[in-house]
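Structures follow.
Each of the two complexes below includes subunit A, the first together with subunit B, the second together with subunit C.
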Partner chain A sequence: MNRLRPYLALLRGSYMVGMIYRYGFLFTILGNIVYLGVAFYLWRSIYQNVRTLHGLTFDQTFFYVALGSAVFILFKAYADWMISYDIREGMIAVYLTKPLDYQFYALFTSLGAALMNLTAITVPTVLLLTLVFKVHITPGPGLVVFPISLILAFLISFNFDYLVGLMAFYNESVWGLTITKEVILTVLSGALIPLQFFPDAIQKILLVLPFQAIYYTPLMMVTQPDQNLVIFLQMLAVQFLWVIATFVITRLVYTQAIKVLRVSGG
Partner chain B sequence: MRTPGEYIHIYFMIEMQYIKARMQYRVDFIISSIGMFFSSLATLAIFWILFTSITNLAGWTFMDMIFIYAFYMIAISPMQILFDNIWQIRFHIQQGTFLKYYFRPLNMMFYYMSEMFDLKGLTQLAVGIVLMIYASTNLNPCGQCLV
Partner chain C sequence: MSLIHIQNLNKYFKVLNRREGMSGAFRDLFSGDYKIVKAVDGISYDIEVGEIVGYIGPNGAGKSTTIKMMTGILKPTDGVILVNGHTPYANRIRQAQIMGVVFGQRTQLWWDLPVIESFKILKEIYIVDQITFDRHMGMFNDLVGLKPLYSQQVRTLSLGQRMLCDITASFLHNPQVVFLDEPTIGLDVAIKAKIRSVIKELNQTRKTTIILTTHDLGDVEALCHRIIIIDKGKILYDGDIKKVTILFGAYRTLKVQFDDFSNSTLNDLDIKLKKRFGEKNDISIGQTEEFWTDVTIDQACTPLSDVLSLVMTNFNVFDVRIVEISMESVVQKIYNGALG
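Let's turn to the complex of A and B:
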């Protein structure tokens, strides 16, 4: 517990930093409402003549897409920007001399930002979905495992951010890598459309990649929550494996990257 | 009063400094151009995936969508290329570095906007033009006309 205390302080600190710019959240919520409206009418036109597409009804697809946008904002903790900023400005030297693990330092700072996103953006969006768009959620075991799945998904998402951030050790600027990562993640993880809509061959490939564990897995749990619990446990196991795998990879990259670190200024 | 010629001269001088600064991170510049290329195509990929399930979207075909998207990309490019520095104002205000613009013997907005010339935007413009030509040649402009 004592070892965890400094990290909890970091978490609290970054949560409070989020509160400074609370007006920014208003616009993010507003933007998301517009996005939800667009998504609603877009998918309604797609479902104009059909009841189900790839086994999903309009309600299920819209809920998937809408919740997807809320989770997308939730995961935006900008660890990659933060790390590259620390490296460029030399701030990293300050953190490296402290008795902290840099990865956990970044993780808890991101977690604070994510919690801020959760309270300020994700919860209002979900409320809006259920109250304004009247999305009907079927009860089932999927809803119970969803929070666990979301946490695992956040850890994978963070590890990707962290990995891109580490590239700043070599490159100093990670702007390009960050947008490339964003694009790959949003398209291939099923954040914008459910993976079922992808052509079969592509879908098979995507299901063995780590990206689907970030958005597709948790979102499917709430879109079709009335399945057997065993299926959900399998999904969680796959996610857990990806958390471990990405964690090991980031650790290995870190031990290499720290050797080439050059700090000028700070 | 400065003449427009002087302004153009100053603009290019500031711009050269920016490009030199960008070139310092050459690898990042190359990756950003590739990233911008892919992010321009990402929306297109989503359209393509959608249109494998449906033949038309409320009467719009895939080619129509490509055309509209290309039009959007071309329309947004000048803003993206010339005025991208707007996004940085927030950080300048937070960090207090905006102060330096008060000390320049130049129109503040002119100087601030000159400071950045978004090279990645050129990738977007190029993709937009290519897509627009592609869509235009494949479009049947009178697909829904009553002939």
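Let's turn to the complex of A and C:
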């Protein structure tokens, strides 16, 4: 427990920073309401003459898309921006003189920001969905595994952010890289539309990539929660493997990247 | 055993030779034209427990590079470096527990949060128990009077207040050694004095070893018994500060701004000074700032007032300043053999 203490303090600190800038969240919520309104009418017109598309009803698809936007905002902890800033401005030297692991420092700071997003944006959005858009959620085991899936998804998403941030060791500006990552993630992970809507061949490719484990997996758990528990456990296992894989990769990249600093100066 | 042991320490950087202009920048993309910069070039010294050592030298002398190697951020190219018996970069996380670091240009405090929150976070990072924490904070408050700042956001602090908080923060976990990298940079005289007294007090009451890098000879004079002067990665002097202050304490630089400066003015001034005070007097003329002419004199041989009156009577003077000798001139004089 003692080993976790420093990191929990960092989490608390970054949550507090979020609270100081609470007014910014109002605009994010406002923007999201506009987006949800547009998505609602867009999908209603797509579903005008059909009951189901690719096995999903309108309610399911809209819920998927709306929750997707809420989770997308939830995961936006800007670790990539923060890390590349630290590296570029030499702030990383300050952290390296502390008894902290840099990756876990970044992870828990991001977690604090994500928790702030959860309370300030995600929860209000979900309330809005159930109260205003009257989305109906069917009960099932998927709802129980959803929180676990969400945590695993966050870890994968963080590892991607961290990886992009580390590139600042090699290249002063990671702006282009961040934007590219953002686009790839949004489209290929199923954050914008369920993967069922892609052609079969592309779907097959996307399902073996790590991106779907970030949005598609947890979102499907609540969109169709009334399936066999075994299916959900398999989904969690795949996510868990991606957490491990991305963690190992980021560790390796860090040990290489830090050498650049150690050898060529900060 | 000494707390810090450094032997034949080297740190070389590979730097790309940048070419001029747009076409140069383009060619640099594909260029393999590197040069080796010897930032730290074969230095050796030992620092004992409880010492305050002034680590000084002009810009780019290799001070910060050495500090970064001692704190485990940089890996030496070769040579031995031991802090409390361990190699810093190999045991970074464990070593971090026994040292405190202040980088004058950067803060370890949380920019957006009230001051006290940073202290609380650091308390958790270093796993300091509540009783020790309260005792430390009480002591710092007696010393510095930080309490009124606790609820202020760090970004609203003045540079001096922030620096006091940063120094306090670096002592919070009672480290064995504290590295202060330019702690008085950009501060006014009053706050400088306060920072010096705080550092001195902490060193005396806690026996904390302190390595202080600075540009300001005043800092070193006020705090250190021992001084290490470094330039171009090499140690120029390592020893008692008294020898250095006796030698340079009497030096003053008279900075003069002339009304009608021309190329012949310097020459003219040189001739007049030599004529009045004789050839062998230690008076040097130079220019380090635009519009200002520096006349450096040793007050032990030449009274400052005489030089000043000579300048005032012979030239049209627009402005005059008197400053203590600069780091660069000290280094220059050591090269010229001042310390024998």
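In this text, the second predicted complex is superposed on the first by the 261 of 266 C-alpha atoms of A that agree within 3 Å, B and C clash if a C-alpha of one lies under 4 Å from a C-alpha of the other, contacts with A are read in each partner's own complex, and residues count from 1 in each chain.
The definition used in the following text is that a residue touches a chain if its C-beta (ideal position, glycine included) is under 8 Å from a C-beta of that chain, and two chains touch if they have at least 3 such contacts.
Owing to the predicted nature of the structure, the values given are computational and were not obtained by experimental measurement.
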item	value
Clash or fit (per the criteria above) of subunit B with subunit C on subunit A	fit
Partner chain(s) touched by A:V174 [first = subunit B, second = subunit C, both, neither]	first
Subunit B versus subunit C as contact partner of A:V183, first or second or both or neither	first
Touched partner set for A:L10, first subunit B, second subunit C, both or neither	second
Which of subunit B and subunit C A:L206 touches, first, second, both or neither	neither
Which superposed partner A:F197 touches (first subunit B, second subunit C, both, neither)	first
Subunit A as apex of subunit B and subunit C, Cα-centre angle in degrees (nearest 10)	80
Partner chain(s) touched by A:V126 [first = subunit B, second = subunit C, both, neither]	neither
Which superposed partner A:G90 touches (first subunit B, second subunit C, both, neither)	second
Lowest inter-chain C-alpha distance for subunit C and subunit B in the superposed arrangement, angstrom	8
Touching residues (chain side subunit B, partner subunit A) in the complex	25, 27-36, 38-39, 42, 45-46, 49-50, 52-54, 57-58
Touch list for subunit A against partner subunit B, complex	42, 45-46, 48, 53-54, 171-180, 182-184, 186-187, 192-193, 197-199
Of all residues in subunit A, those that touch subunit C in their complex	2, 5-6, 8-10, 12-13, 16-17, 20-21, 89-91, 93-94, 96-101, 259, 261-266
Subunit A-touching residues of subunit C, taken from the complex the two chains share	13-14, 39, 65, 68, 71-75, 89, 92-94, 96-97, 99, 101, 103, 106-108, 110, 112-113, 117, 120-121, 123-127, 153
